[in-house]
Structure formats: C-alpha cells, structure tokens
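Naming follows writing order (A, B, C, D and E), and every chain is counted from residue 1.
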Amino acid sequence: MEKFVYIALFAPLVSSLFAGLFGMTPKKMFVGVIASLLLASSFVASAILAYHVNLTGSGIHVTLMDWIGAGDLKIPFGFIVDQVSVSMMVVVTLVSTVVHIYSIGYMDHDKSFNRFFSYLSAFVFSMLVLVMSDNFAGLFIGWEGVGVCSWLLIGFWYHKPDVSPEINPSISPSWAANEAFIVNRIADLGMLIGIFILYWNVGSLQYDVVFAELPNLANGVLVAAAIALFIGAMGKSAQFPLHTWLTDAMEGPTPVSALIHAATMVTAGVFLVIRAHPLFMMTPEVSYFIASLGTFVAIFAASMALVNRDLKRIIAYSTLSQLGYMFAAAGLGAYWIALFHLAAHAFFKALLFLGAGNVMHAMHDELDIFKMGGLKKAMRWTYIYMGVASLALAGIPPLAGFFSKDAIIETAFNEGTFILWAILVVTAGMTAFYSFRQVFLTFEGDERYKEFGIHPHEMYKFVLIALAPLGILAVIAGFFQKTFQGFVTDLLPNYEMSEHTHHLAMILGAVVLVFAVGGIALAWIKYGKGLKRNEKVENGFFYKLLKNQYYIPQFYAEFISKPYAMISEIFWKSVDMKIVDATVDAIAKTIHTTGDSTRKMQTGNLSNYLNWMGVGVVILLIAAAITPMLG
Amino acid sequence: MIGLNHYLILSGLLFSIGLVGVLRRKNLLMLFFATEVMLNAANIAFAAASHFYGDLTGQMFAFFIVAVAASEVAVGLGLLIVLYKKQGTLDLDDLATMKG
Amino acid sequence: MYEQIAFYLFSVLTVGLFLVTVLSSNILYAMTSLAAGMVLISGLFFLLGADFLGVVQLIVYVGAVMALYAFAMMFFDASKEIKEKNTSSSLVFLLGGLMAVLLVLMFAAPILGENIQASYPPEVGATNPQAVGLVLFTKYLIPFEVAAVMLLVAMIAGIVLAGKKMDESLTTMDDEEVTLQKDKK
Amino acid sequence: MEAAVLPEVTSIGVAIKAIIILAVIAAIAGFGTYIERKVLAFMQRRLGPTHVGPYGLLQLVADGIKLFTKEDIIPQHANRLIFMIAPVIMAATAFIALSAVPVFPDFTIPEWIPLLGGVFVPSIAADINVGLLFVLGMMATGLYGPLLAGMAQSNKWGIIGSARTAIQFLSYEVVTGLSVLAPIMLVGSLSLADFNAHQAGGIASWLVWQQPVAFVLFLIAGFAETNRTPFDLLEHESEIISGYVTEYSGLRWGLFFIGEYANMVTISILASVIFIGGYNDWGFLPAWLVMIMKVAFFFFFMLWARASWPHVRPDQLMWVCWKVLMPIAVINVLITGLVMMV
Amino acid sequence: MNLEQLSNRNIGQQTYKMVDLKPTPSTGVKKFTQVVERTFKGELFVGLYVTFREMINALFKGEMHTFKYPLEKMPISPRYRAIHDMLRLLESGHYRCIGCGLCEKICISNCIKMETRYDENQRKEVSEYTINFGRCIFCGYCAEVCPELAIVHGGRYENASEQRASFSLFEDMLTPIDALKQQKEFDGFGAISPNADENIKKTPLAY
C-alpha cells in the first residue's frame, strides 16, 4: 500500500516538473495530457487507498526519511493516510484531475499553457503534502506551498496592467496575487505561533504525540494554541476580517478559482480545525467563537453576493459563505459534518466555477452578468451543469447540498444555539436567491449580450464530458451521507442528533427548504424574464453598502495600509539611512582606503601576480618547515 | 627499499618543476602544461600516502584531481580559443586589459 | 629489486621529461614530453598498487586531457617557436630551487605520525578497482556526484565557449539561401 | 579458478612471452597485409598477389625488403625528433596493449630444451586486475602516434589528419568504454581472465547473447579506434592524401602499418574474449584453435567490411558517435544496471 | 534518334535502378530515424552479402576476372589496330609490298618512310621501310590503301622494348620466313571485305 501513497503524493510533483521542463516553450498539447494522466493516476491511487482504509479501518503511516534533526527537534518526512486525510485526498485529486482536463480546453489559446500546468500540478502536490503530512511542520510546508502556488496562479496573467478600483475592484492580477499572499502571511504568522506554542509545550510536532499530550497542558496554553492555529485557518479560508483577498483572487484563470479558491485550498482552514480537533474539543470557548464567526461570515458573505454583478465574484462570495457553514459545523463539534460539507461543496462549487469558466470562455472573458442573459440556447450543457450545481448549493433535495447543509443547520439547532440556527436558515434562503439570480441572469431572459457583438459558443466536447463526474457527484453525493459518517467517525468523534432534534428533523428540513425554494422563486420573479433594473434600489443605502463590500477594502486601505506606509517611511529615513547605511559606508570606506594604498601591487600583469603567488607559497612552506622545529 | 619519503621527494621535485614552469612561462598554453605538472605531482603524493598508510582516501583525492583537471581543460581551452580569436595572441604580458 | 629499478627509472625519466616541458621553447616538445611523463606517472601508480588510478591516469589524463591540449594547439599554430620574454628568470629559478630544497628537506626528515589510522583500509581480498568502488560510492558519494556535476558544467561551458554555428550547412541549402548567407556577411 | 593449478609465472616466462608476442604479432601484421590484399582481391573477383612465392605468400617478404631498404625521408621543416618518434609510439603502444591481453594459450617449455626447459609461459603477459581498462588506456595513448606524426611533419594534410585523429579517437573511446561497461558489470571484473572464466559454459554462456547492443557498439567503436574502413578518415586518400602518413616512407611508414594491424589483432582478441566466449575449449576443438578461429573471423570481418562499405563523412562520423552510439551505450548500461538490480 | 533519346543515351534503358533517395533530413530527430531505418533495413548487410557472394563466385565458381597477363592474354578483336604486320606471299614467300608508296603518301602523321629501287629484274623492291612508332597514331589508313594487303594491323600490342627501333624496321614487321606456314590471310582491319569478288565485278571503283 505504501506504493500507492507515494504514487498519490508524487505523481503531481512529477507532472509539475515535467510540465516545468517545457515552461518556456510554446504550447504543447501533450504536456496537458500527460499532466492530466498523472493526476488521474494520483486520483486512482487515492481511491485505492480510500478503499483500503475503509476495509482495514486503520490508517497507513509511512516515513520517507528523516527530514530535520537539530537537537531535540526531530521531524521525519512522514505521511499519514487515515480516514480524514484520505477523504481530502480523494476530493483534491478528483477535482484537480477534472480541472486539469478542463484546463486543456480552457487554456487552449493561452501562450503560457505549459507553465500553467506546471503551477497547477505543483499546487496539487503542495495540497497533498498539507493533507497527508503526519506533523505540523509538514502541514506548514504544504500550507506555504499552496500559498506560493496560489500566488503564482492568481498572478498567472501578471502582464495585465494595473487599473483603478472603479474599473476592476482587484486592480490587476499581480496586485490580487500580492494581496492574497500578504494577507495569508499575516494569518500564517498566527499559525506559526500556534505551532511554536505546541512545540514549546509538547516537544514534538507529530500529531499523535501532540494530541496525546494535550490533556496534560494548562488551559491557557490550549486556548492560546487554538486561537493561534485558528488565525492561520482564518487566513487560508478567508474568514472575516481576512476575507478580502478571496474575491480579488478571482483574477486568476477560472480553473484556478475552481480548484484553489473553491474546492481545495480555502478548505485547508477547515481541514486544519478538523485535523486538530482534539485541541479544539478541549477549548469549547474557542470552538464556540469559531462557530459564531462561521455563522457571521456565512450571512455576511451571502449578503454581499446578493448584489454583485461579477459572475465569478458571486461564486467566490458563496464560497466564503459555505466556508462559514463549515466552520460553524466544526465549531459546534460536528467535525464529520463539516468534512462532509467540505467534500460535497468541493464537487458542486468546482462544477459551478468551471461552468462559469465555460460562460467566460463563451463571452470572451466578459464577467458582468448584467451583460449576459439567454445563454441557454447556446450553452445547453453548461446551463444544465450550472443549474444542477446551483440547486445543490441552494440545498434542494435530493442533491448533495441539501444533505450536508441541512445537517449543519440541524446541528446548530441541536446545540441549542438558536440564533446561529436562525441566521443559517436565513442564509440558506439568501444562498438560493443569489445563486439563482446569477443563473437566471446568465442563462434566461433576453439576450443582452447581442448588443456587445458577442457570439457565445459551447465549450469543447471533452471538457463537458470531463465535467460529468462532478455533475454526477453533485447530484448523488448526498446519498452517501451515512456511509461517509461511518467511514470518517472511525477517527473523528461521532456526532449524532439528539432524540428531540431527530423528531423535529422533518420540520427543520422543511423550514430550510421553504427558505431555499422561496429564494429561488424570488430570483425567478425578479430575474427569470430578464433584467429589470430598479434605480431607486440601486441608489439605496443598503445596496451601496453591500456593493462596496461594507467599505471594508477602503477601510483597510485608509486605516492600515496608509499608516503602515508612513511608519515605514519614517524608519527608512531615520533608522535605515542614518544608522545602518552609515555603518556599512564606514566599513566600505575603510576597505577602500586600504585598497587604494595597496593597489600598486596590481600591475595588471598576470605573470607578476604569479610571481607574488610563488613568493607566498615559499613563505608558507618555510612556515610549515619551521613550525615542527619550534615544537 | 622504496618508502613513502622517496615518493614524496619525487612529488616535491615535480611540484617545484611545475612551479618554475608556472612562474617562467608567458605563453598561456605552456602555463597550462606547467599546472598539469603540479597537479600530477600532487597526485603522486596522494597515491603514495594512500599506499603506505593502507588508506584509500588518498586515491580518492587523486581521482578528484583528475576530474578537476579534466574540467579545467574543457573550460580553460574554450577560454583560450576565445581569447586567441579576440586578441590573436596567447602571451601573458599582453593580457593587461584588467589593469586599472 | 625490480621495484627499486622501476622507481628510479620512472622518477628520473619523469623529472627529465617534465623539465623539458617546463624549459623547452618548442610547444610540440613540451606537449610530447608532458604526455610521456604522465604515462610514466601512471607507471608509478601501478608500482604503488593503485591499478585503477593508473588506468584512469592513462585514459583521462593521457588519452583525453593531453589530446585536447594537442587539439587546441592546432588552433594556435604549433610549429612556431614560442618567443617568451623572460624578465626575471633568476628570481624564478631561485623560488623554484628554494621550494625544491625545502620540500626535499621536509620530506627527507622521518615522517612523524606513526599513529595515523587508516580510516578506509582496502577491503581484504578485494582487488583495487573493487576497493576503490566501495569507498567511492559510500563515503565519497557526494564529492563524486559533485565532481560529475562539475564535469557536466565544464563540458557545457567548453561547448558554449568554443562552439560556433554548426547548425547551418551550405551543402543542404538552396542556392538562394547561400547567396542570402553571403549577403549577410 | 584454474589459476591455482597453474605453475608459477616467472619473469623469464613473461620475457619469453613478450618476445613471442613481438615476433608473432609483427609477423602477423606483415601477414595481415597479405591477407588483406588477398581478401579484398577475392571480394572484387581478383586474384591479389600471386607471383612472389607460392600463392604470393612471400609477397610480405618482398614488401618488407622494400620498406626496409627505402630511403628514410624527413621533410625539411618537420620537427625531426617528433617526426622520428611518432611511428615508434604507434607501434609500441599497440604492443604494450597486447601485453594485457591473452594472445596465445599458456604452455610449458619442454624439459629437453637447454636453459629454458621447464619454464611456464603464461597466456597473458601481465595479468593485471584492470586488464581491460589497461588495454583501452593503452589504445587511447596510441592516438599520440598519428597525432604527433601529423603535427610534426608541417604538412597541411598531416595537420588535418591529426586533427581528425584527435576527435575520432577521443570520441570513440567514450563509446568503447561505455559499451564494454555493460559486460564488465555482468562479469564484475576487469580482468580478461575472469571474462574467459565467466563464459566457460559453452555457446549459451557467451556474453553476446546478453549484450548484443554492447557487442555491436564495441565492434563499431573498434573499427573507429583502429581506423578501419568505414571510419578511416585519418588517412582518407580521396580527401587528405594520406593524412598523418603523407610524408612518411620506408620503415617508419611500416611501423604505422604494424601498429595498425597489431591494434586490429587486439580489438579482435578483445571482441572474442569479452563477447564470444574467449579461449575456452569448444567440444573437441582445443582452446587455441577456437581462439585463432574467432580472432581470424573478426580480422576477416574487418576486411570484409572494408570491401563492402563506403567511407562516412567526418561530420557524420562525429554525429553518429555523439548523438547515436553514445546515448545507446548509456541506455544499454542503464538497462543492464536495472536488470541486474531487479 | 530524337533529342530526348539523345540526351538520355548514356542511361541504360532497362538495367539501371534509380535509388530511392529521400530528402536530406533537416532536424536531429529525423536524422536519427534515418540512421535507425538504415540500420534495421539491413542495407548494410546487403553490402556484406554482395561482397561475400562475389568472393564465393570468384573462388569456387571460377568467375575470377583476373587474367594473369603475361602468362595468359585476353583475345583481342580482329579489328584492333596494333603494331603493323608486313605479310608475305604464301606461294613464293616473297614479301607482298610492291613499293607503290601509297601508304607513305596517305600517312597523316608522316611516320612511314620508304625507299625503293629497281632490282635486277626491273621490279621495284623496298630497300628501306620504317615506321616511326613515336608518331604513328594507328589510324589504319596505310592498311586501308595498300592494294596488295601487304601492310596490315596485327595484334602485337606489347610494344615495350629497349629501343624503339626494335620493331619499327621492315624486317621486324615482316612475317619471318619460317613462320610462313602460320601466316593467315588477315581478316582484320584492312582485309578484303567478304563480298569483294562481287564488288570487283560490278565496278572497279567500289573496290
């Protein structure tokens, strides 16, 4: 079985290096094909591992080699494949395989085709390292690895010029990439502190050792570690207030958005919370904060999605919102439900993004849904895929989203946190509204794109076929809820609804369903027949507030970036120039004067130098000969 | 009986010959020859020490010296040819372009 | 007996040949005597039981390195006498002689350090190549790999430095292309 | 294995062996010219030398007398010393290479011969444990013969000839070395005696079955190293007169000839010992006869190829070496290693 | 013969085979495939086979091309024009030359010299007759004009000697008297055509 672990882990690396070989050359089709095949092999290996883990009920733990050994710190290059990591692996490799195949079609006309595959595969490798590592150090390496790949991929079209925020809220891909990177570094600092705290108190970074040691630690330490780790998770999963980068990250190519900023990387935060669940279970106050923050982000993001006009940003906000759901579940202790929602969400959100990519491709990179409409004629299959994905997202039975999201809402009810429950239910309605607003504005109604002279066309056949697994899974994933529960709870704490909630399950489900259907119906009424703009609403306070993302980006720019730049300037002028540079200059000056006085030896004639060298050798020899005589 | 000292003295003599060559030669190609003499002298010393102490480390170093000589000749000759094309001479005294 | 005769024969010849290398003003003599001296040094290696090193000396040094020198000499008109202005030959011989005397004195003194331990003694019963291989691929693996990379780098550097446009062939071109080529020049 | 049973090798035995090798191979070189002329003639449906002696057998004596009595011309601007030494280097290295090769079977001089009676003469003059590499190294050193000859004679054909020598020998040495590397890995020794012992089990144990690619590569490289016909660019008459031997005449020219034929014999022996079974008994055939047959076959093959195939261009020669043969050799070594590991 | 045939006249009509030469490969990969193709197509072995077959043919099937020249000679064509022969009359043994001087006259390189005189019977006899073989171009005009078929081109082509004069005198060219029996009416260049009899009856000029 070890063999499969290595195949699953290293096939993406091989793919990345292979594609990297051709990074500077013009597009080569076989690069994409081979990368996809390698990713597919990784998926197959993951699936085999999953089957194996399910069969034996125990994880596989392999140690490749000793990695760091300094003093007491011993970190092996070890990988663990247990129920949690294997389910992540399957999700990651499946989605990334589809995205790779999709990218062959999507990046068809891009001149950096090969480079793209190199980055994409490198990302998958980093993600797998993150997921499979058996210690916090490996997790951190993967964590940073996905950060780098995300930076590379968001800024993939780095050559696009900067524009003002009025034209494009994220200014330019390179700006967006840098923003994502920097915001993540802030969060990573928290995570690093968390890891340090754990190492300081436990003396190891291995999961099993750390978790076994937890009961012996002081409560304050645990809370500090949990908070610090969660800050890291917040950054990667774009939770409030570090959420701004995710929507800007939509500047990257759409497959990237699908793979990284919807299905896999952003869920790393959730994964971290699930992975470190022993820690979070022992710190209920932090867990409750997580749940509250998750719920807040769910409605906060959903509200912004209501008014956005950008196709990909709407989906990005919905991703934020769904991440909030996951954190809510994880914070409430229903780890397996969070993981289940994570998996299900990965399928339909990736599908949604890739469908959006199809639309973009058809609309020549036009993203404004107000300029679309009536695309269903031209893009029937994309419509079906996006419709299915939106239904799943809205939580309409029997699709995947219903089972996973309903479980979370039920959990909130079950825990007795009725405020959270209420917010989540309302959010479910908002979710249904904005996702179908987007679908209807894009595919139904009058064909507004015609006035822009665009002739949309359907994506390549093989791309549509490649999307089929995601579509199928978005439909049927919910039926495996019980199986999944049984599988994962071998490792994670089981969470069952209480008797009371169980009785009310039908009613609760119905309430959610009413909200969801209501949202869809509202969307149909408002947008089903075409776009009717309401000037009054658009100029209203709430609409503007939502449209400007609660003015948070502006706030950051004014109250964080600007003061920071001012402080930096002061330090540059007073400290750096006056003290540091002066010291360095003095040293240089000394050397310069010394050199100036001895430069006469430098005749520029090589044989002179050689003679000097000979003299030096003889002097050294004399020294060597005399030394033993002196004793 | 031939001992380690014999070999070391031979090596020392050869090294001195190489040094004389390095100091005396003005033609770059001949200078290279002289450095090869010095490298070979070192090789003899290494091999002799290896033999008389029954330790293979000396031979290893000799191997690496051979490898160094091989790469030196590849790069050095390339440079010489470029130089000759540019300057039309290999004389050391004519190469004073770096004089500041 | 044989060993002594061989050692003295090889030593005297080597010293003589290398002196020719260093002092001759004819580059062809210098090259030939250097190559011959290296062959004799490989003989010394055989005497020392370093068979593999001796063969490597033959193949790499004599067969490749010196042959490359000879090849390079063809670029530089080897038949001419080399004119060198030797300004300070007394200094040179003084330095060289001093060094030789010092080295001989140092090495003629009894070698101290009888307690030196052989850290990599040759395996019992293994032939020299086997023993060399065992040590080279265990303890000295990293230097070995580094040397390999160095050789690769040197090779590429040599090609880049000395290479010229080889991908154009006048024989395979059309007439028009040939005239175009000429016009370019 | 058998070495334990064999009598002790004395220095007299080695000396006798050396004399035998010198005498016989020099004679074979002369005889080789006769064979070459005969075989080439037959392949062109001619008769070849017929008049001197029975079937022209004494032709080599006539040639020898001619070469020995010819005037030894040294061109005016040539570097005299080097010009004179170069042919000696060629012949000497060829014979030194033969010292590490099993040339004739071992035997003991019968007791009734005075002085030397009872002396054991070994099959290999110097059975060093890096025998194979030594032979290759000595053949590499042999390139100095043509090289210096060409450079010393102040003749442009000579210079071109020696430039070609340098590139051809240097390049093909790589292929030779890499091609024998795979058999060396299989046998695990560099001694030719071990190669012989490894293939003692009859035809099925011949290394050529396991290493056909290496065998072909070795033959090709061997042709190049002995500058035989498809690769005889160093003395390609139609392009560069005679290359490095342009200015040579008489005995010195003859020495080049002897060197070349000795090299041919060496390559033939190496091919026989490394790849096709060496000097083991073969059914009722005694070892020495088998060996002679094998060597004769390779010798014949070289002549045969000369009769059949045209020259290649120098650029083709280098192209084939570096872009075809060497990669194949490396891949062969890799595959051999993998197979041995698995 | 039309123009096309003329320009192709050196190309044998049927027996030549055009070699299928593909265009020179441009890229490295193509060159490599060409090498591989040529290697495995067995063309090399065809070459070996051809030479070996020729050797077998030569050695065992007696198809050796060599003539051991001084020992055996190739038959030469009767029309070959080598050193001249002076023939004798078969009946009397007297030489046929009547000293008419036609050959001297027609010789375009002026290499024939003859002197004649009247003998005691008032018949012309050749007192001196030489051909300078340094100048003779073996054109055969002398044999053609000779009315008596006295001078003809023989088959002696081995004209190596210590001095040129050794076969340029009349006596050297003349059939030895003791070999008269072997002298045949020469049917080579300059001989009477087979239908000379009919021709002479028709018109003397044709002869």
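Here, a contact is a pair of C-beta atoms (placed from the backbone, for glycine too) under 8 Å apart; a residue touches a chain by one contact, two chains touch by 3 or more.
Small disclaimer: the values here were computed from a predicted structure and weren't measured.
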Item to check | Chains touching both subunit B and subunit C | outcome: A
Item to check | Remaining connected clusters, assuming subunit C were absent and nothing shifted | outcome: A, B | D, E
Checklist outcome for this item: Of all chains shown, the one whose Cα mean is least distant from the combined Cα mean is C
Next on the checklist: From the centre of subunit C, which other chain's Cα mean sits the farthest off?
Outcome noted: E
Next on the checklist: Taking each chain's centre as the mean of its CA atoms, which one is most distant from subunit D?
Outcome noted: A
Checklist entry - Which whole number of Å gives the spacing of the CA centres of subunit C and subunit D? => result 26
Next on the checklist: Quick check: how many Å separate the C-alpha centres of subunit A and subunit C?
Outcome noted: 57
Checklist outcome for this item: Rounded to the nearest Å, the gap between Cα centres of subunit B and subunit E is 72
Checklist outcome for this item: In whole angstrom, the CA-centroid distance of subunit C from subunit E equals 67
Item to check | For subunit A, residues that touch 2 or more chains besides their own | outcome: 611, 614, 617
Item to check | For subunit D, residues contacting two or more additional chains | outcome: none
Checklist outcome for this item: Expected list for subunit B, residues touching two or more other chains, is 19, 23, 26, 93
Next on the checklist: Show me the residue ranges of subunit C that touch subunit D in the complex, using the header's touch definition.
Outcome noted: 2, 26, 28-29, 32, 35, 39, 42, 46, 51-52, 54-55, 58-59, 62-64, 67-68, 70-71, 73-74, 78-79, 127-129
Item to check | Residue numbers on subunit D that touch subunit E, as the complex places them | outcome: 39, 41-47, 50, 304-305, 307-309, 319-320, 323-324
Checklist outcome for this item: As the complex stands, subunit B meets subunit C at residues 1-2, 4-21, 23-27, 29-30, 32-34, 36-37, 40, 43-44, 47-48, 50-51, 53-57, 59-60, 62-64, 66-75, 77-82, 84, 90-91, 93
Next on the checklist: Can you tell me which positions in subunit D touch subunit C when the two form their complex?
Outcome noted: 11, 77, 79, 81-82, 85, 128-130, 133-134, 136-138, 140-141, 143-144, 147-148, 151-152, 154, 159, 162-163, 166-167, 169-170, 173, 177, 189-191
Checklist entry - Can you list the subunit A residues touching subunit B in their complex? => result 599, 602-607, 610-611, 614, 617
